[in-house]
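So, here come the structures, one by one.
Next, two complexes with chain A in common: one pairs it with chain B, the other with chain C.
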Partner chain A sequence: MWVASRELATRWCVANSRQALSLVLDKISTLVWCLIQPMTFKNMAKKLLGDPINRVDGALKATGRARYSADIKRPGMLHGVLVMSTIANGKITAIDTADALKVPGVVNVMSHQNAPKLAGMDKNKPSEIATDRVLHVFQDDLVHYNNQPIAMVLAETLEQATEGASLVRVTYQTQPVKLPLPAGKADMSTPKQMPRVDDQVDTKRGDLAAGLAAAINRMEETYTTPTMNHNALEPHALLAYWEGDKLTMYNATQGISGCQKRVAEIFGMPKENVRVITQFLGGGFGSKGTTFSHVMLAPMAAKLTGKPVRLVLKREQMFGMVGNRSATVQRLNLATGKDGKLLATAHHSITQTSDFDEFAEPAGTITRMLYACPNLDTTHKFIRANIGTPAPMRAPGEAPGVFALESAIDEMAAQLRMDPLAFRLANYAETDPNKDKPFSSKSLRECYRQGAERFGWSKRPAQPRSLKNGNYLRGMGMATTVYPMNRGESTALVRLKPDGTVQVETATQDLGTGTFTIMTQIAAEVFGLSPDQVTLSAGDSIYPTSSVSGGSRNTASTGSAVTQAAQEVLKKARQMALKDPKSPLFNVAEAEIVVQKGGQLQQKSNPKVGEALTSLLKRNGNKPLEATVQSKQGDEKGKYSMNAFGAVFAEVEVDELLGEVRVTRLLGSFAAGRIVNLKTARSQVLGGMVWAVSMALHEKTVFDPRNNRVMNANLAEYHVPVNADIQEIDGFFIEEADDIVNPAGVKGIGEIGVVGTVSAIANAIYHATGRRFRDLPITVDKVLA
Partner chain B sequence: MKLFSYAQATKPADAVQLLGAQTQSKFIAGGTNLVDLMKYDVESPDRLVDISQLALTQIDATDKGLRIGALARNSDVAANALVMKQFPLLSEALLAGASPQLRNMATMGGNLLQRTRCHYFYDVSQPCNKRAAGSGCGAIGGYNRIHAILGSSPSCIATNPSDMNVALAALDAVVQVTGPNGSRSIPILDFHRLPGNTPQRDTVLEANELITAVDLPTTAIGGKSHYLKVRDRASYAFALVSVAARLAVENGVVRDVRIALGGVAHKPWRLPDVEKNMVGKPATETTFRSAAKALLAGAQPHEHNAFKIQLAENAIVRALQTVS
Partner chain C sequence: MAATTPAADTAQKQAITLKVNRKTYKLDVEPRETLLDVLRERLDLTGSKKGCDHGQCGACTVHVDGRTANACLLLAVMQQGREITTIEGIAPGGKTNGQERLHPLQAAFIKHDGLQCGYCTPGQIMSGVAVLRDGHADSPAEIREWMSGNICRCGAYAGIVAAIESVKKGDTIG
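On to the complex of A and B.
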């Protein structure tokens, strides 16, 4: 019965239809379902919701044995402490280092007066890659923003370097300061490109004016979001040392390979001479994806002093030189017809960049594709301010942009007296209206349905201000969430050893999300092995080049490379078997050979015929089989629109007399292709939702209005939620098979938890109070009635 | 942070002597505030005198109430049975402050001397009369959302950040200190200062005086108490506004009341005349609101903190309603 059922299931699975499969499953027993479960898709099991195994490095982290970049030591190492500018615009006229150099143990002070000259300074400009930014590496005397690194004190101990840094006296010639948003709205210009170069800066679809004219209901509102800073728990840190012309860096980076390339090109040296190692990362959220100035300053100081140099940024130094999320001012127009269908949408975004570099927060890109709407305009403009250059920060563009869009959608639903979820369903985009292409998969309806059911959305009264709990008004809100599937180039080597274990090599870093764990799971699954039979060598640029951990792309990118390399090895094993007269699989057609649990090759139509991969390899020279695959996007990108979708539901309580908002319940449902590890994946979406609570209610970088100095550059006053702010929270995944999207079958999950959640909370506050908050964060002073 | 020397005292008198007349010496106990300030170069002592080993951690009943040693840890005080029974307001206020880790280190004396969270005080690149007398006030004309609305001066608009101090003000605490010229008792309302033109001085404590204990007098008339703290997140944030309230009501009429405000001034804000005025009035929202308005009379907002006036009024009314 098992065999027969499995064959039946396999046949259906090749047809690759969940619906068809479930029809089959209805007819067979639960016991059999258990037996056939690993065989769900195609010829090798690809579980749609992967095993929630513990992190491979969990014990190391929990016991403090994980060595982060700031933990690495070298004999003779010097400690660097940065001196930061205290003006926002001008020129350094003098740097007095006399007192600093008198501190015992201080060996040098590096500044523009003595810093090594860099051969690749012509490359110190923004490139097409969003993470290549203009760096401040002490090559001139100009100050472009407050808290810009301008000197570095080097000493034998951290304490000596710290004291020395406090004694460097700098004098300046100051220039008038260009203010950030919302004040500095003069001199707007159109960015040359968006961070994702495929995204157009401005778009037009249909005829907006005609759509507006034909509409019955219209709304226009402006939404504003503040500047924010990433604030990963782990500060930016590196140890750099030279051996001849070879540079080694233990660096906290989200992109080992990108960092290696960027450092090499600015030093003007071959990439091969730079080795970047990132054993563990304590988060980055985008601020470690870009190679920022400190990554050059430590090796420069190592060159200047001839000694290894460790540089760890102080918390306050993380507010300026390592990126920020741009503030936004966004104007939304929506117009609908009689049936509640959108007839016109306009989304005009103003963001900010620095006065020396261009990074355009792509706030309007999601609006182009989220709902069916025939007439649509989106534009992006930015202003220049004396601030550090913005950078991608968890869901760059999507997070502020969808806050505005999904708030506006909620406002229109209220105007129409339609249920907000029903309004969204009425405008469901069956195909991508921006690209005019089908979706590779889209399970948003199912996310809405299951999310609403679990949350109890049907209990939401239509009228705002109708729920109370003591001193609190209670409200429920929801929003759509979405994140594009991004995929970069990654290369992986997979080696199957005669002892049946597998080695994977790829440079990739683990941002803290579980990458190291899920790469082993991906490789193990291809061979039917258990993850503990796979060893991953990663976190080092000596291994094959891999993608950045940013834009939720690493599992799609490096995971695909690992999948393909493993499949390539498996193909070699199949061919070895069918050509080996001693193999039971001799002369069996290649397509007929499948791999089973435990690393067993079998004949598909006759599972009794087969052998273990180990015996095959032992007999064939007892040598490993290996393959290296460079994996990148193919023509599917031109044919399909590929995105993860979800729905987020929020319940809040608001004490209007004290201005207090608490998020009592958050629930997200997500469809993001195959989920490799349910445990780490759930952590990702919950973390994203917590991030959104932060964005909705807490986070704001505050600039002094006179000199653009960040006045809350510490975690006491730059607020993120604490445990007490997070009450009931849950996220779950809808099973979604997508064989188009990439070989790993995955879509990103690192950012989708953030995107819609911000507006779900804001919409719930509206439902509680009847008041609409269009300026983030929604703090006591604004809520106070 | 600059290098400093370190000495440990074993008796209060030795501590005072070790500190000596040097103005660049500081006592250190829990260090939860001083070490932060040293890291930011706001405080740059040459010498630290460690008082953490002094025998000043006792919490004892006295004939007049309770004596809490200056080195009793905030977490121990908050959990102390005598405190919880007789002065739950203090326990509530302590638990509303900081985090468990900080409360495990912070002492009563240190909390009394906690310095302002004004952004300009903490950033040595910015002017601040409290940190560098005569350099100006960065907060006036700068970012002043967390700043004072009452009792400020043209030289300083900083607030006292402590939750504990607000409760102590409502509890009529008395601070016991010792110094080269002997010991003295300072009523809590006189302990902290308004800034005037010498904002560098937070309290009336002399440079070489050591706090030894805090006395809490038993109240003549019982009642209920509540510490209400309004902040930007549910925990681990300084008060935007806080209210320490004690209220005794008989037959619907106010018999005794104490109201102290935090987050609004350079010291816990209490007006005994307003409290006296409430006695004999019905314990209703009308009475509470008019008392709140009287407490806030003369409030002067700055660009970003005008909301504190309405917020404080609502918070006072809510705190009193909670205990009435």
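On to the complex of A and C.
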């Protein structure tokens, strides 16, 4: 069972009494600070492929009762509608709001002329943290990109605010515009850092020139990918209101705790005075991981007007101010010896950032570690453009980077007349060649084997243009897929009650991945209980701090915190039993006490001896046992390379006369450590693979070269796959035990479905047509050209 | 460029009667208010979602006199006398064995995981109910084609097709 914090108003009112209560609870609770993890995690849950139970919030979502941020109302609430810049670089010389203010119901127009000043603006600068971006919150008259928010009309109804916003007249002084890629070349430089600060910007291994010289076969090609926009179906939305100096926000965010921190920082107020609630989140894909400008603008407007303010972005406003995936221009060199082994690899990436902030799409990081190769150079550079700052977008760096790498690998296999899978196996990396460390686990060979078998890879003729289906040329392609295990810091409270139910509290959000469901499964498994005996309280910053849902890290982070907190409670129960003369387990060694299905404690060597957790707790004061654990990565990170791997197989059909490409079959095999819920996990990887179809064939943000205005800022012209674009699609998981990676034993599955699949499709198109397409998306015009 | 004077005539409220989910609502609306905004803001029926406000994504799909429609493209004042059904109105209601009674397609979406974030789900289900009722669910290919007015950015299409197919096979169209 999952309980959204629905009785929120009540809870906020009783916050003080709640704090008093928590002081009492603290006395019976132990706060365990697990800052340094042991290298292996005992008592790990055993089930590697977890039960495919239905989502705990499935009924709420299927009946329309799930309340997303834009569904929340508050008495006296005003509607905000943003006014956006229509130039890409320059200065606002005047804002005429007279007509807007005449519209009945319009109460104010907020702009740099009257916006509240923010105490934490010194923190509004390029940040080391990928999710903290430079914001545009009406503190000055500068315009840095087209479609930048510059004013906000506040009215009693949405219609009034919309009309008001259409009547705000802005005049500008314009400056020349710096273009994005591929035309843009302004201020090319080496980024100071990558989004994951541990990733080096440039690397060198061995001697590239010597490797190239010794090689027999060489290839060099340039691959390009366009700017893309996340376009979660739920527009960014929040309701913000102040009670004295306390701010509450119902906000669509992928990172409740990070958002709370960032808002407090920018407003210059204590974190405790900011409450962030995300009961339901309509996707994000990275664009709601960063706390963007609108999250500040709504509370600013609420302060200015003294009323609750709801701000929902219009779809067209989501092309600029809430991040994008950087376009890339990537040059790949590969060179092999006569045995088909890689002797040299170079991957040089150019990406784009905004004119006012720095986000470097890490396109070359996977190339460093995916295959064994003694001589390797990777570099990253970015140009500056008058666009909204790029941000992480589902597999940032990995998705465009591995498209280039795995296309190049396929090209080299073709040049060598080797089967593409055999070529990959010939260059299999047994250890991480970049970090020079062992993998915590790597089941890629098994992914290749099982994936190839299920897909029927052996039926692929070596020669392109060999397969036909009526008018269609048919082709088969494959690629390796990979995603690093990322883990952030999360805290969870677990409380075992004498009635045998479990309460879990952690701030975490569920952006559609299944987090709310699998947290109940993780806790239940530790106690041998059923997930419906676990209640999760989440989606609210009043609960313990949790990680962002981004970089496939939330199960590794928050799932580990829940695992450890539950294990800590179980440990207390064991100790209670062995010290209790009335318990059948009295004086049994702690390590001898195990938990079995149904919440039964048993003696391992004599399963007849034992008792239910409920009877133990009832006899011992009838009080709950609880623990709060703050969980984060330990020194395993320094000792191992930890990654999920997979193999993706694609079949396409291409009508050469019409230029039409159809992905007729997609199959992915994945090894990502423990899979908590086979049903939601399969949906995650399938969703990733749909994203790859999108990236390979559909998505592209088109800029007007005169003023960097996005010309397809809507869902009819910004193409994403619809149901008819997705035909046969499946994904499965290899059983993989990894007790090094983290206490939950998981590696993350949110992004790995995208990464290799893009090139698997491009490689299949090559196999169908005999032609290479190195510029995404592979659209009709390019196939016909 | 926008008009220079406020459009007072379009803001003049009119008394209308709407029939939504078998209930009758009397309310004053401006002619410019869309059915979607009236459902969401006036009637607190927030199950119908706004994804694009341009009739491009399908998240606001409702039934009007038995036909699917994008509520964001309809003006509320023009829907008088019509039977409007939203996601909130398709389940039979009540409980069986302590379990909430759902429309078979709602139950199938949950079972087949035809949803992730859930934001497009009300629209998908409303389209799916119509596809089943109108006899366009005879093959996966046909379901895919007829369900292509509803974007699912999470990419739950395989589950959506499986859910509709399962209801078709079970012959329990509500």
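FYI, the second predicted complex is superposed on the first by the 738 of 785 C-alpha atoms of A that agree within 3 Å, B and C clash if a C-alpha of one lies under 4 Å from a C-alpha of the other, contacts with A are read in each partner's own complex, and residues count from 1 in each chain.
To be clear about the criterion, a residue touches a chain if its C-beta (ideal position, glycine included) is under 8 Å from a C-beta of that chain, and two chains touch if they have at least 3 such contacts.
The structure displayed is predicted, hence computed values, not measured ones.
Once chain A of one complex is fitted onto chain A of the other, the partner contacts of A:M321 are absent, as it touches neither chain B nor chain C. Ranking chain B and chain C by residues of chain A touched puts C first. In the superposition on chain A, no contact is made by A:A556 with either chain B or chain C. When the two structures are aligned on the shared chain, A:D57 is found in touch with chain C, with no touch to chain B.
In the superposition on chain A, A:S166 makes contact with both chain B and chain C. After overlaying the two complexes on the shared chain, residue contacts for A:R67 are found with chain C alone; chain B is out of touch.
In the superposition on chain A, A:V482 contacts neither chain B nor chain C. In the superposition on chain A, A:I593 contacts neither chain B nor chain C. In the superposition on chain A, A:A716 contacts both chain B and chain C. By the touch criterion defined above, A:A724 lies against chain B and chain C together after alignment on the C-alpha atoms of chain A.
Applying the stated touch rule to the two superposed structures, the overlap between the chain B and chain C interfaces on chain A comprises residues 159-160, 163, 166, 714, 716, 721-725. By the touch criterion stated above, chain C contacts chain A in their complex at residues 2-8, 11, 30, 32-33, 37, 40-41, 44-54, 56-57, 59, 86-88, 91, 100, 102, 106-107, 109-111, 113, 115-122, 125, 141, 143-145, 147-161. Within the complex, the chain A residues that touch chain B are 86, 159-160, 162-163, 166, 471, 657-660, 662, 697-698, 702-706, 709, 711-714, 716-717, 719, 721-725, 779-781, 784.
Interface of chain B with chain A (complex): residues 1-3, 41, 117, 119-120, 122-123, 125-126, 138, 141-143, 145-146, 230-238, 240, 307, 310-311, 314-315, 317-318. Residues 54-55, 57-68, 70-71, 73, 99, 102-104, 157-160, 163, 166-167, 231-235, 280-283, 285, 312, 314-315, 511-514, 679-680, 682-684, 686-691, 714-716, 720-727, 729-730 of chain A are the ones touching chain C in the complex.
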